[in-house]
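As written, the chains take the letters A, B, C and D, and residue 1 is the first residue of each chain.
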C-alpha cells in the first residue's frame, strides 16, 4: 500500500455484503470540495452547518447520537469564510468542534450524520464519530479529540506538499484554549522557520470550556503568532465575508511562498461547550453576554446580502438535503461487532483477541 | 515524611558504616548559598567554575568521570551574574549544562566533583551525576537531562512560595535550544498569567548541539517572551556585571510582585557541546568564530576590574580549594551496589528485584 | 449514608484539603467542578488552592513537581485518560525519577486523578484508554478503586503518599453507589481486597470489572466457587494476597480492561506462573492487543472484556 | 564485509532513501550524523529529505504524521530513549490510532529510530530507559534488533511498513560487528530468529541481551541444552515460533532489559502459561520494578539483567 493512499482492508462490515455495491456503503465516487465562490453558496453552507448542528442536537437528545457533540452553532462564518479561500488541493486539520469545518470543506452531510450515528455509511465507517471525522480525498486530515493536536499535522502536510512541488496550502483550525498548548507553539516556530504554506486559524470564542480566554492567554493571540514572525490579523469571526477576505490574503501569500499566516477570528458559540453541559448548572457566561453575541449571528447578515427570498429558497434546499441525509444515516446499518478491530493496522495485522477461545 | 523535606531513607551505603560520622559522608551541616556580593567574590566564582570544569575535563579524559559532561566554560558570567542577584530563600532550576549554575549558587565543589565521580560523598550520593546535581537546601531544584524541563519546575516552586507568603524568586536557566520546547512556552504563559516571581534566563550560546540558533528560532528570544507580556531584555552574557545588573532589576521586580522577567544572555561555549564531541569531526563552528568569542572571555574582564594581583591571589585560593575538592572526591567511596535501588521511593517502598532467587 | 463514587472522591479531596494546608488542586474546569470530584471546592478553599489552569497539561504537571519540591502536595485532575500520554515525560521522567536521582533528597508527593478512565459511550478512540498498565510498568504508584469506599480511602492515601501516584476512576465505576454505615478512612496503598471468598478459582478483577466479576461469581456459584480479589493498587501489587489466595485455589483468571500485551493481566499471570501454585493454565481477559476503541457503541463494547468471556474463562480453568 | 550495527542502520536508511523518494528523515543533529545512523546522508540526499529539526519533538512527530498522510514515509531519529515519552501523545494517541479512527482511510507509515536505547555508561536516570514494553502495550509495532544484519533488515521493513513502528537500537548492541558474506535484505516484522537450538530450555532474549544469552548458553552447553530465541519484533510477537520451541523444551527463561512489572518478559511468561506447554515454572530476568538507573556505573549495572542471574535462572528451571 502506498503511504497516504486509502487503505481499504477487508472488513467484517463489507465482507458479508460481498462485492455488490450497496446504498449503505460509503460512496465510492470521488467526492469534491464544496464550491463556496458566491455569496449564495456561502450562505447555503452557513445554513447547512447551522441546520446540521440543530438536527444533530435533536439526535443527541433522542439517543441516536451516542455521547454527544461539541456544537459549532454561532461560529459558522469562520469555517465558511476560511474554506471559501481554499482550492481543491488544499488540506485542513480540524478540532473537537469540527462539524462546521468538514461540512464547509465539502464532506457530505449524509456521511457526516451517518458517522455521528455510528453507521457503516459514515465518513469513517462509524469508527470515528464526531471528534474524528476525516476524508483524505477532500484534504480533511481529521477532526481531533486533543486540543492543539491538529496544527502540527497540518504543518507536516504543508511541508510534504511543498516538497513535491505542489502549491497547496494547509489550514489548521483551533480554539483559544489551544493557544496554551506547547505543541501548537512549537508548530508556529517550525512553520515560520521553514516558511511553510500554513494558515493558522484561531477561533477565539472566548472560552476553553468554562475558562475565559482573558484569564488564560497572556498577551494576545495575534501577538503570540507575530512573535514567531507570522503575519497575524484579528478578524470579525461573525462576518463570513471578512473572514474570507482575510483568509484569501493569507492563503495567497502562503501559496506564493510567503510563509504561514495567522488569523484570530473573534467568535462565539451559542450553545454549551458540549451537549453534556445542558445537564449541568454552569454560570461561566451571563445570559446577557450570550444574547449580545446572538445579535451578531452570521446567518442574518449573510442572508441580508443575498436577499430574504433567495435565502429562504436556499433554506428550503438545505432542509431537503438534510432530511435526505438523515434518511441515509438512519438507513445505514450498524457495523458488525465482529469487525470491531478492523482497520487497526493498515498492514492488515490482526491483533490478538482479548480472550482465548 | 513532609513534602519537600530531605528524605533520608536507609541506604546500603551508610548502613554498613553505622552511625559514626565519616569524612566521605555528605556534609550534615546546612550548606549556605554562595556570597557573590563583591567583584572579588564574583571573580573568585568565575574562576572556581572555570577551573572546576577544566579539572572535570581532565577527569573525563582519565576515566574518573564516566560518560562525560557538557562543559560550561565560556558561559560563567551568566551563572555568576544571575546568582549574584539572588537571596538565600530563592531557588533555581538548571540544565544539562549545569555545573556553573549549581556552583555559583553555592554547591560545594567537593560534593559536585564527588558526584561526577559517582561517589557517596556526592551531592546526590552518586545517583545523579552531571545532569542531575541538586541540593534542595540551597534551593537547587536540580540540573535536568531534558531540554526545557526545568523551567516549569521553577515556575511551580515560585507559585508555591508565593502561596506561603514568601517573597522568594525562582530562576530558570535554559539554552537557546529550549526556546522551541512547547513546555517552556507553556511556562511563559502560566508565569505571565499568574504574575509569578520567576526569572527566565536564556543562555543563548548560538547553538543547540550543532544547530545554529539562527536556523532554529523564528523571531527573537526576547520577542517571544515579550509576546506573553514578560518584560524581556538582551544582555551581554560575557559580562558578569551586565548580567548581574539586569538580573537584579528583574529579581527586584519579581520579588515586589511585578511578575516574571526574561533575560537573553548572549554567550558562547568555548568547548564542544559535550566531551564526546572531541572524538568527532564536526564543522558547525568555524575556528575564527570560536577565537572571536574567546576574545570576549568573561574572566579577564572581571580580573581587570579587581586588579591582576588580587585576581592571582584568588586564583591560588581557588586552586587550593579544588585540589582539596578532588582529594575529597577521590577519597569518597563508591556506593555499594546492594543499595542500587535506594531512594527509588521516598515512601521506602522497595521494588521487586529483576530476578527471583 | 448513600455514597456515590464521585462524591467519595469529592469528600476525599475536601478532607485532605482540610487536613493539610499543603494540599492543592490543579486542573481544567475544576472551579466549576465539571468532572465531579472538585464540585464545591473552589467556594470552600478558594482560588489559591483550587487552581483552574489553562490548557497546558505539560507545564502544570511539571509545575506541580516544582510545587511539591517547595513543600506542597498537589493533586492534578485530568479530563481524559490519554492526557496522561501528554504528560508522560513530566510524570515518569521527572517526578518519578526525582527521588532516586537526587539521592533521596526529597519525595514528590503529587497525585494525578483521572475521573472517567476507560470507555465512555460515544467518546471514541482518543478518550477511551485505560492506560494504568503503562504506569505500573514505569513504576509510578497506580491505583484503580472499584467502589466508593475504596475510592475515598485510596485517594486519601495517594495524596498523603510521598511519591507520585496516579488514581484511575473508571467511568464504568462512577455510577456505583454504596450504603456506608461506617466512618470513611484512608486505605493503605498496596493492599488488595478479597470481595468474595472461594475455593476453586482466584479471579483477579481490576476497577469497574470487580463488579462484573462479583456478578459472574454469584451467577456461577452453584457450579464454581470463585474468590474475587481486587488488587486496588496495581503498583505496588499485593503479591502476598495473591499468593495466599492461589495457595487455596490453585487456579487463576484475571479480568483487566487494558490492552493485552504487557498489561497488568500479563503481570499477574507471569508472577503467578513464576512464584505461586497453579494447578491449571491461567487465563486472562483483556482488551485485544493495541486496542483503539471505535466510536460505534457495539464496536466499542466488542473490544472490552465481557461477562461472557469471563464465564467461559472460569469454566475453562476448571476443566 | 565487516558490518557494524550503526553502519547497518546507516545503510538501511540510505537504501530506503534511494529506493523510495517518499522516504525522508527528521531529527536533531542528523545533518552532522551525530548519532551515527544518518552519517553522510545530508550530503547524499540533501536538506529536503534529511531535515535537521529544532528541539520540538512533539511538533515534528505530529508533522511526520501529517507528512505521512500527505504521502511521505518519514523516519524520526530520537537522541534519547525517553524522548519517546515526550511524544507519546503524538505517537500513540494520534499516529497509532489514525487508521482505525478514520475507518481505514490511510495508514501512517512513520518510523521512530532510537540509536542507543537502554543504559549508556554515565548517562544516568533520564537517558537510560529501555521503554519498548510501553509501545508493545500501546500496540505500536516495536522492533529491537540484536545484530547488524537484523538491524539492517528490520529497519528497512519498518520504513516500508504502512503503520507506525518504533525501532530500538540498544546502546549495548551498537559495538557488535558481523562479517557479512551475503546480500543484506529486508527482514519481515513479526518473525523471530532462533540463534541457537537446544532441547532443555527456551531462552527468549531481547536486543543486546541476545549476545549475553548466547554466551551463557555456550558456557553451560555441557550442562543444559539451551535454545536461544530472539523475537526481534516485540509487537507483533512471533508466538508461533515460541510455541514451537516450547513444544520441544517445555521450559522457559526470558531475559529482558525493561522494568519488571508489565514488561515484555511478563507478556512472554503470561502467554506461555496460558497457551503453551510448560513443564516447569518459567523465569524472567529484568530490571527491577520501576527502575531508574543511578549514575554511578556499579549501581547502574546492578539494576540491569546480568549473566549471573541468567545462569542461575537456567539452572533453576532445570531443577
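One rule holds for everything that comes next: contacts are C-beta pairs under 8 Å (C-beta built on N, C-alpha and C of every residue); 3 or more make two chains touch, one makes a residue touch a chain.
None of the values given here were measured: they were computed from a predicted structure.
Any chain bridging chain A and chain C, meaning touching each of them, is among B, D; the list is complete. Among the other chains, B has the CA centre that is most remote from the centre of chain C.
Centre-to-centre, using mean CA coordinates, chain A is 38 Å away from chain D. Note on chain placement: the centre of chain C and the centre of chain D lie 30 Å apart, centres being C-alpha means. Looking at chain A, residues 124, 126-128, 132, 144, 146, 180-183, 186, 189, 193, 215-217, 341, 344-345, 351-352, 356 sit in touch with two or more other chains. Under the contact definition stated at the top, the residues of chain D that touch 2 or more other chains are 54, 56, 58-59, 82, 86, 89, 93, 100-101, 124-126, 139, 236, 261, 274-275, 283-284, 289-292, 294-295. The touch graph of these protein chains is complete, with an edge between every pair of chains.
If you check the complex, the residues on chain D that touch chain C are 82, 85-86, 88-89, 92-93, 96-97, 100-101, 124-126, 129, 133-134, 136-140, 235-237, 258-259, 261-267, 269-275, 278, 281-284, 289-292, 294-295. Only residues 180-186, 188-189, 192-193, 215-220, 223-224, 226-230 of chain A touch chain B when the two sit together in their complex.
Here chain D touches chain B in the complex through residues 28-29, 31-32, 34, 52, 54-56, 58-59, 80, 82, 86, 120-127, 260-261, 283-292, 294-305, 309, 312-313, 316, going by the rule given at the top.
Residues 22, 24, 48, 53-54, 56, 58-73, 89-90, 93-94, 98-109, 139, 141, 161-163, 190, 236, 239, 274-275 of chain D are the ones that touch chain A when the two sit in their complex.
Listing the residues of chain B that touch chain C in their complex gives 1-9, 11, 26, 91, 93, 122-128, 132, 134-136, 141-142, 144, 146, 149, 151-161, 163-164, 170, 182-183, 186-187, 189-190, 193, 341-347, 349, 351-352, 356.
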